[in-house]
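The following blocks contain the structures, represented as structure tokens.
What follows is chain A paired twice: with chain B in the first complex and chain C in the second.
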Partner chain A sequence: MNPVLHIAANELRLMARARVAQLAIALVVMLSAIAALTAISQGRESQEIRSRFQAQADREFDGQPARHPHRMVHYGHFVFRPLPALAGFDPGVDAFTGSTLFLEGHRQNSANFGDVRQSSLLVRFGQLTPAFVIQALGPLVLIFLGFGAIARERDSGLLRLHFTQGVKAGQVVLGKAAALSVVAGLILAPALGALAWLTLVAGAAPLAVLTLAAGYAAYLLVWVLATTSISALAQSSRTALASLVAAWALSAILAPRLATDIAILAAPQPTRLETDIAIQRDLKEIGDSHNPDDPHFNAFRASVLKTYGVARVEDLPVNYRGLIAMEGERLTSSLFERYAERQFADQRRQSGMALALGLVSPTLAVRSLSMAASGTDLEGHRRFLRQAEAYRYAIVQRLNRLQAERLTFSDDSKRNSDPEAGRRVRIDPGAWRQTPDFVYRPASTTEALGAATPGLLLLGGWLALAGGLAWAASRRLERAGA
Partner chain B sequence: MPDLTAAEPAIDVRDLCVDRGGTPVLKNLRLSVKAGEVYALLGGNGAGKSTTLAVLMGLLRPSGGSVQVMGLDPATQADAVRRSIAYLPETVALYETLSAYENIAYFLGLSGDRPSRAEMDAALDAAGLQAGARTRRTGGFSKGMRQKVAIAMALLREVPVLLLDEPTTGLDPAAASDFNALVGGLRERGAAVLMVTHDLLGAADCADRIGFLAGGGIVEEVQADDGLDVLALHRRFGEAAAG
Partner chain C sequence: MSRFAQELRLFLRQRLAVPTLALLALLAAVSVAAGVTEIRRQAETIVRIQPLQAAEEAAVSAWVSRDGDAGNAAYYTFHATWDRPSALAFAALGQRDVAPYVLRVRALALESQIHEGESYNAELALPGRFDWAFVLTFLAPLILIVLLHDLISGEREAGRLQALQAAGGRAGLWTRRAGLRLGLVFVAVAAPFVAGAAVSGAAAAEVLAVLAVASLYLLFWALVCLGVGALGRSSVANGAVLAATWVVLTLVLPALAHIAINSANPVRQGVELTLAQREAVHAGWDKPKDATLTAFFRVHPEWRDTPPVTSGFHWKWYYAFQHLGDLSVADPVRAYRRGLESRDAWTARVGLVLPAVGLQTTLHRMAGTDLAAQLAYQDRIRAFHERLRRFYYPYIFNETPFREGDFAKAPRWEEGD
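Coming up: the complex of A and B.
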């Protein structure tokens, strides 16, 4: 047998006979399996809940009685972001951003009902998902099983015995790394099973799944090579363990939290309250349609009268109040959009900063890749907000148009003083049923893969670095002669 | 296995110089060991005994002189040299969760050998390891039992050169005597044995020649025959080491 395979097979046999190794492997594989099963089950359950609530919201909107269209504008509508097929594998920012939006006229609301707001604070420290198990716990198990693979054998003299049998240092490093890769495969196996299920049953895109599988395999391989190399380079097994645990804590625990803080400091965003105040200030500047002296709306009225060739709004063939509502919504929406895009730009800068920090942490690199390929990154959330806002604008303007075209200005003006006029301004409920439902269009596979590419490239860089470290460790071990 | 003429020593060290961290450890060391000969290299702590072994195994490059093991240069032909030698460290390291059989099969497998159970038993019989211990995990083995496993490995590999590093340190007199007998058996099989040790009595018991290493070179070399005055030798070596 090839010496590398021979060494790897022996290392696996030693692990199989060590109670601590048995326990560690069993524990992480069990956690990985539980996380995979939970992912499948929770994904299905969340999707069912969201679909049910969306159907209920649609039914309630459609089932409203005859009403004035503007009442329906304020009645509003709920939309739910459908859960991406791979969200169970990596929920990404979904738990923090929320998945439900209340859409109404003149307002742009924030998403609500993120799991974090409904759960204990502990959820912020990582849910038990396959992504979390592989990103945080997988490397730790590899470290505990691999830190002494070479260092301990050098301490005991076993390594020298290998060399006197004609084995090269590189073969020892490769053999030990190969054995640890098998453990990495065991850690990954339940997650791969979950991914296969999500592809075959839940309809996840195969290319996205392959990207995830390749990304996580590369990530664990980085830790396998780093662990083996440090074990070969360290002065003793104790030093190897301390160095590796420090690297793990920095990469898997500190860096993800620091990255967020650093990104926020580097590209600060105004708070929700500051944004609301700024929007209110700008809204005042836009104008007040109820103020007869408002310059913008006076100009608007003049333009409408000129278009229709009449002198008074009462003579218009359409309901001027409806036109005012449409113009008001157009102005406020463009303002909301401006603020939202500014916020999205800030968020993109923050995300870019966090991704750049993947240069110091392979965990950040795989996290970015994982969320992007799973469709649960911030870009996915922004996509939902944009589509929901476009839908909100469309249905509000549709209702405003009904007000302008189906109601007369005269009835609309005295609807509160004249009961008959008040009855006439109520539109048949069939109009609500004709309102199209919200259909979320998720990112295409190409877009998801494009978003995952920077993370994949960073991981490729990490893999090359870890490979280089393994090569350097072999050379040094060879020179030192154990 | 490289062939040597009867006149050529299996181990031939000439004017060997080794520096470690800028400090000379060996200075013009000369020694040779023939096939079927046991050479005991004695010396105090830090005299360079283990350094000599490391050079012979190709684990350390000399700064001067020449070294040949079975006609090969360990510095440039380390792999071939290592195939010709068996090395027994002071404490034989074995995988503690593996049995004697499994350890032997593993280490021999590294160089592509796959000894049968019968072959292993024959080697372990020759090394003197009890049959009942062979399937037990070596974690509970004494130093002597570990050495027997290592000797069995050397026998199975049929290597012409054995390098022994302080083999009797920590052994009780009976076990040390057993070991010395075992070394005698290796000589009978035609192996060239270089044993570095502190144990003058043991060396006198099993070696053909004894060299005393001090100041980086051999300061005295004696034939270990029946007329050897061990006590006088002990005094002389003590004086050489001190001075």
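Coming up: the complex of A and C.
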């Protein structure tokens, strides 16, 4: 029998007999299964609730009575961010961003009712999802089962016996790593089951699923190789255990939080309140609709009059008030967009800085890959915010155009003083029904894979590093054994 | 005392002792520095918004006071509120990174304003902040495990156990040794905290209370280490068992508790109430004005005898249906809040069983950075909003012109609010 296989089989037999190993594997597989079941059912439930709320909001918008179009601009619309199928595997930032947005004229509201503000501080202990179980707990099980793999045999002299029988050190390392890989496979199994379910039943993109599976397999392989190598390199099992647990604590517990603080310190973001005030200030500088002599709006009026070849706004074939509303909305929206893009750029810089710490933590690398491939990274939320803003602008301008085209200037001007005019400015509610509903376009598979690439590259680097370490450990063992 | 000095010399000569303690002290110091910086940044933000806010108010005042329409003043003036961090907030930042600590409101319906969020990077919020509470809750026990897992087994494995038992004789030796290690870990983690508390000006009693809680938590972990060590297994086995215990107590069980608590206490009312409130407010436009005003006068009879609304639009009517919109969702607002409080209460109960959860709950309560503190800030905003409404109502209902000087009379957010 091939010595590598022989060693692997022996190691597995040993693990199968050890009570601690049985317990650890059973525990993590069970946790992984619980995590997968709850994450999938919670994901489905919140998606159901969100689509029910979305349907309610659409229905209520369509069912509004005859009104002045500007009333509808302020009545506004609610949109809900749908949950991607793979959120059942890795919900990512879903709980940390609001999932509903109120859209109205000349205001940009925040996405509200994220779970993080609705939960006790327990939310900060980490959420039990398949992704969390593999990212944080998987490596620890590998460490517990593997730290002694080689160190123990050296302590007991068994290793020397192997060598006298002609087994090469590289074969020992490879055999032990192979046995530990089987454990990694067991840890991964429930998550792979969940992924398969999400692909077949919930329609997750197969390519994204494959990327996730490959990423997590690579991540666990890094820990398999590191554990085996450290077990070979350490002076004793105890040192091996201590250094491996320290490496794990650094990678899975310390680095993510440190990354957060470094990124926020290096690139702080303004508060919402400051941004709101800045937008108002900029808006006033471009054009102040409250100022009757505002140069921007005077020029606007002149250009409108010129286009239609009339001398007074009363003579326009359209309602000038509607045109003003459209122009005002155009101005505020351009500012919203400019500030939002600036904020998104800031956030991207922060996240990039945090990901750079993936150089010291494979956990950060796999986390980034996992959220990106699952479509639950911050980019997914930004995509929602951007599409919601585009939709807000589209429906508000549509309503403003109705005001310009379906109402007369004279009716609109005396709607509060003349009850007849007040009745005429209320337009037929059919217009609300014709307003298109919000349809969220999720990231395409190409986009998701593109976003997952930095994490994938970092993991590739880690895999190469771990492979190098295993090679170095074999060399060292060979020399020591000779 | 000389025995302690002797033990201290012995301990410090161990290979891992000094680096491990130094690492813990360094991490604690970094966490305190990060927390103090963050809290200072938040305090600076609160200072920085004041002139911005004043300038914006002046801009509104400039055009509103021209025709003195009080309805416009109430509609266009945003009033700033803020939640100043407590002196202990640096140690446990809690929810302050995801919940707004500055928020502006105006005299319109409040329910569509009070749930507004802050803009923050969710990817960074996900793992949480590197604050002192984190170092104490998660890292200090690991350091204790490193220092205590081989207390007895290490001596046995070195072949010294019998001699030590014969010479030292009693349990006093192990108490001394364990006490020494626990004491050093406590100092390493507590000293940076005390320094941070001094910088932030925390009261001595608060500092002592935090230190007491911290020492209890560390004592728990020291006892766990000694208990596992007393079973007589090898150092390696002790290390593995203790690390596994740590994972289960600080990661796995809290995460399971989180799932259980959140699914047992759904809080869907948040979205429901905002949807319902919007319907109620906007339906106001289509209801007969008399019906709206009659309903409003039932709550605010003091304005009943003001001039009746005859025109198509009047601010009286507008602000009346704004407020009625808020009142119409009073029940779901209460239910939503009960749901949140129930989640918090269950967490406190879990904290009685799980030391890590108990510690976090206590520290965040003391620091005023938990869910309850967030709700308390909302309560203060509600009270302030009430003052705002009552400030504008006389102008609107008596149709008194609102002039430049009146802006200065508006209620101001005070620290006591």
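What we mean here is this: the second predicted complex is superposed on the first by the 480 of 482 C-alpha atoms of A that agree within 3 Å, B and C clash if a C-alpha of one lies under 4 Å from a C-alpha of the other, contacts with A are read in each partner's own complex, and residues count from 1 in each chain.
Keep this in mind: a contact is a pair of C-beta atoms (placed from the backbone, for glycine too) under 8 Å apart; a residue touches a chain by one contact, two chains touch by 3 or more.
Just so it is clear, the structure is predicted and the values come from calculations on it, not from any experiment.
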Overlay done on chain A, so just call it for chain B and chain C: clash or fit.
fit
Quick check on the superposed pair: does A:F96 touch chain B, chain C, both, or neither? Answer first, second, both or neither.
second
Based on the superposed arrangement, let me know which partner A:P65 touches: chain B (first), chain C (second), both, or neither?
second
Answer with first, second, both or neither: which of chain B and chain C does A:R338 touch in the superposed model?
neither
So in the superposed three-chain picture, is A:I7 touching just chain B, just chain C, both, or none of them (first/second/both/neither)?
first
Superposition-derived comparison: chain B or chain C, residues of chain A touched:
C
Contact-wise, after the overlay, does A:L161 reach chain B, chain C, both or neither (first, second, both, neither)?
first
Name the contact category of A:K306: first (chain B only), second (chain C only), both, or neither.
neither
Just checking: does A:I49 make contact with chain B only, chain C only, both, or neither of them? Give me first, second, both or neither.
second
Please state the minimum Cα-Cα separation between chain B and chain C in the superposed model, rounded to the nearest whole Å.
15
Shared contact residues on chain A - chain B and chain C
none
List of chain C residues in touch with chain A within their complex:
16, 27, 34, 37-38, 41, 45, 48-49, 52-53, 55-56, 59, 63, 78, 80, 94-95, 98-100, 102-104, 112, 115-130, 134, 138-139, 142, 146, 150, 235-236, 239-240, 243-244, 247, 250-252, 254-259, 261-263, 267-268, 270-271, 274-275, 278-279, 282, 285-286, 311-313, 339-340, 343-344, 346-347, 350, 356-357, 360-361, 364, 370-371, 374
Across the complex, what residues on chain B touch chain A?
54, 57-60, 79, 82-83, 85-87, 89, 91-95, 97-98, 106-112
Contacting residues of chain A [partner chain C, same complex]
20, 24, 31, 34, 38, 42, 49, 53, 56-57, 60, 64-65, 67, 71, 74-76, 78, 92-93, 96-98, 100, 102, 109-128, 132, 136-137, 140, 144, 148, 237-238, 241-242, 245, 249, 253-254, 256-261, 263-265, 268-269, 271-277, 280-281, 284, 288, 290-291, 343, 347, 350-351, 354, 371, 377-378, 381, 415-419, 422
Chain A to chain B touching residues, read off their complex:
1, 3, 6-7, 10, 13-14, 17-18, 153, 156-158, 160-168, 481-482
